[in-house]
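Presented sequentially are two complexes of subunit A, the first with subunit B as partner and the second with subunit C.
Take a look at the complex of A and B:
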């Protein structure tokens, strides 16, 4: 009856990461079902992409642009294609429901680390969203006439680095957005929590204005913050406006921020749960 | 199996008064009120017992269950369950207990029940053969076989509760907390849940703490009841003993009279 009868391998207990992989997989698979939302997102993102490219290429034509038209188009399309991987406002509605109803505390009856559990599900949700949106955007944008066309990086190494940067960006975005969920847990006002954090992250990561367009003094500050590696780094690597040889420092900084933000978020979540014990019977 | 002594827990609750003036005032200086949910609760439990934990709304039942299941940290007091302090070794503790909260779901809302069970296998890290065996037994015992393909949100309350019970026991705990498991259930589901709990206790020695407002649950299942009111234990003993003075009025009324006499109604 059971599989262990004439099996090849001895019965194996799932490993210590199995809970988190399971939750990640579940969110990923569930996320792939939201195709209508993705289609709507794709349409919006084409619209935004066109506006942004037009605006910044106007700067380029006037001779004020630190990026050339090709770089602008690739920067913007990459950003739009992987938007849900890197914007704070892409929210997990069910997690927000758990938080506002107080059910989040009940997740503690499972033998898993709550932070890691949330991290896994948020990452899974974002990957699903990006998987649905990115290919159609990039394929179609690759067929546009110049100067709107999306280009591949000049070589494989640059492309590979851009993908590593994108993975780091997703990891950082989840770590940053976690603070919005934690704030929502404390204030019970998820809308306010995201409104505080999302625009800040959007501006500082280069989503509204690519960082090279900002004044030098401001840009130098922003380059030290965690947001830079959430978007500017992968987009600049892909569009090859940042040579691979200059990417070591931003990579190291992004990684360092990740190593700071994750433990900080874990501690904040633990404190928030303690502060918010839900009264009842 | 469970040792609880002098457990205390208060909540700070934000006071809000009516009217725009009061609303403005509370922006500047919020008023807080202390509510003592547990005012020194003590009891102990031996393996294999089914204990009914009863009391009126707001008496402290759920707070006790939350402390015992590692969700809530008390202000003071001792709570040792199977040699562990729940909030100090939460993960190790919860791996060995099961919990069902009647008003919340432990299943993932939008995925088929079978997938929720499979995810629980990963979460509790249960070896596949062991999982299959327990899964099949529990599903069979609760008649949940036909429900596995439906997402939790499309199940009726009674169907969902059967699945919740399966979910709470897949990892083979020997201690189960049931917080109002029969709330809102129809007669058939109620009986199914009761029979199942009684059988798990009889055949496997499952220890159960059951909170409920349904006196018939207690009557059918518990040999011992603990009555809590205003955060204190008021009675600990046999159910018939508790109701003896008012027995002729029927269990429901007898309990209501008792609550009245104790001033906790």
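Take a look at the complex of A and C:
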């Protein structure tokens, strides 16, 4: 008895990030198992991509367009490939169940930071989804005939920047969608927070219409919001419609939003937990 | 018919008793439709026209697609989510009752939250019809009536196609119980696609969605006549009936599926 007690008292100390990395890896591995769902998703996203490219290119033929047909195709395919990384409506159904059944209370007992824990699992789930979908979409779209073909960026620097932008986009998307989960904890209405946030984020990030197509006044406002770096920035960098030299300001803004939204989310979660009685017995 | 109304009443009462849930999903449908509309308006704001069509002419198609899709989804959700009905053994109970399967599957699920999308679609349709009134009313009352009747038959035909897709998807569920998400390409994707004139898409895609899944017959082909364009041929006004032929064929598939169905239950 005392021997095992001693074992608990003096465990091998894992690094402070270990529980979060473990959760992240668990979600990643589990997400990678959903291959059939991903295959259906890939088929859907091809169709969606075709429709969007056709619509935008048909509109763009009518007048001066801020994006040329090539840039439109690359912008749309990059979006479709990394959709689950950056759309708010990609939800972790299990986390929502945890929240609305009150099982989240068990998590409070554990000596881990709840915000970091949720953040890690959400990021892992998104990365798994994107890892399964992105490659087939990009590889096949790269073989399409013009004007649907997905093009590589002109040089390595632009490609590298696009990948950095994608990482920032994923980090921001998780930070933004975290507020929907926190609101679910407050209202116990699992989807209430998503219904406005998801379409809003889709529109403001350039998923419905590439941001360069928006009226200039509206676009200038949206460029200050966090949504821009969630999708428009990586897609513009990859399609090379935004030169690397112009990307410093959007990068800085995106990073600043991340540095604001994470502490804000953490505070909101703490406040929500203090105010909330846990349902369930 | 009397039985269906009883199904509808039960579903309505059930969904109203969980009112907050109904409100949330209805609002979600409404916001999704509004954001799709905002996207179209933004594009027209910048470019003015699309493949020779004005904003209001495209909004007519947009309204037709949204209204027909949402009403059919409200009514035929049972077929849309039929794999769940199969998996839960609900269909076996349907089979032992002395009523038709189609009526019972329709009655099993009614989604009143789809009224959120239907409302936005109806407003768009009303706006488009008002804006296009002068063009559609030109050339005498008989011709005007024929054009409005064409718009009505485009809406009904479009609904018949969506219903046919749901029924076909349900028939496929007899073959493979899981993962019929590919059907969404035709239902959600068909709605997304037919919001715009099909003439903007690639020829292969357009042919498929005219001769196999006949969205073209309720979209740009009869649209010319409905808009009163000079030189539009009146026989195109009868094309929307192809939607009903599609629905009839899908019911044949449904009957074949029911006949070969073997229960999975205990």
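To be clear about the criterion, the second predicted complex is superposed on the first by the 265 of 281 C-alpha atoms of A that agree within 3 Å, B and C clash if a C-alpha of one lies under 4 Å from a C-alpha of the other, contacts with A are read in each partner's own complex, and residues count from 1 in each chain.
Heads up, the rule we're going with is that contacts are C-beta pairs under 8 Å (C-beta built on N, C-alpha and C of every residue); 3 or more make two chains touch, one makes a residue touch a chain.
This is a predicted model, so every value here is computed, not measured.
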Partner chain(s) touched by A:156 [first = subunit B, second = subunit C, both, neither]: neither
First (subunit B), second (subunit C), both or neither touched by A:111: first
Which superposed partner A:217 touches (first subunit B, second subunit C, both, neither): neither
Touched partner set for A:202, first subunit B, second subunit C, both or neither: second
Partner chain in contact with A:94 - subunit B first, subunit C second, else both or neither: first
Touched partner set for A:143, first subunit B, second subunit C, both or neither: neither
Sites on subunit C touched by subunit A in the complex: 20-21, 24-25, 27-28, 31-32, 34-36, 38-39, 42-43, 45-51, 178-179, 181-182, 184-185, 189, 192-193, 196, 200-202, 205
Interface residues, subunit A side, partner subunit C - complex: 36-37, 40-41, 43-44, 47-48, 50-51, 54-56, 58-63, 65, 189, 191-192, 194-196, 199-200, 202-203, 208-209, 213-215
Residues of subunit A defined as touching subunit B within the complex: 1-4, 11-16, 18-19, 21-23, 26, 30, 94, 103, 105-106, 108-113, 274, 277, 279-281
Residue numbers on subunit B that touch subunit A, as the complex places them: 11, 13, 35, 37, 57-63, 66, 69-73, 90-92, 94-95, 97, 99, 101, 104, 106, 108-111, 115, 118-119, 121-130, 132-133, 211
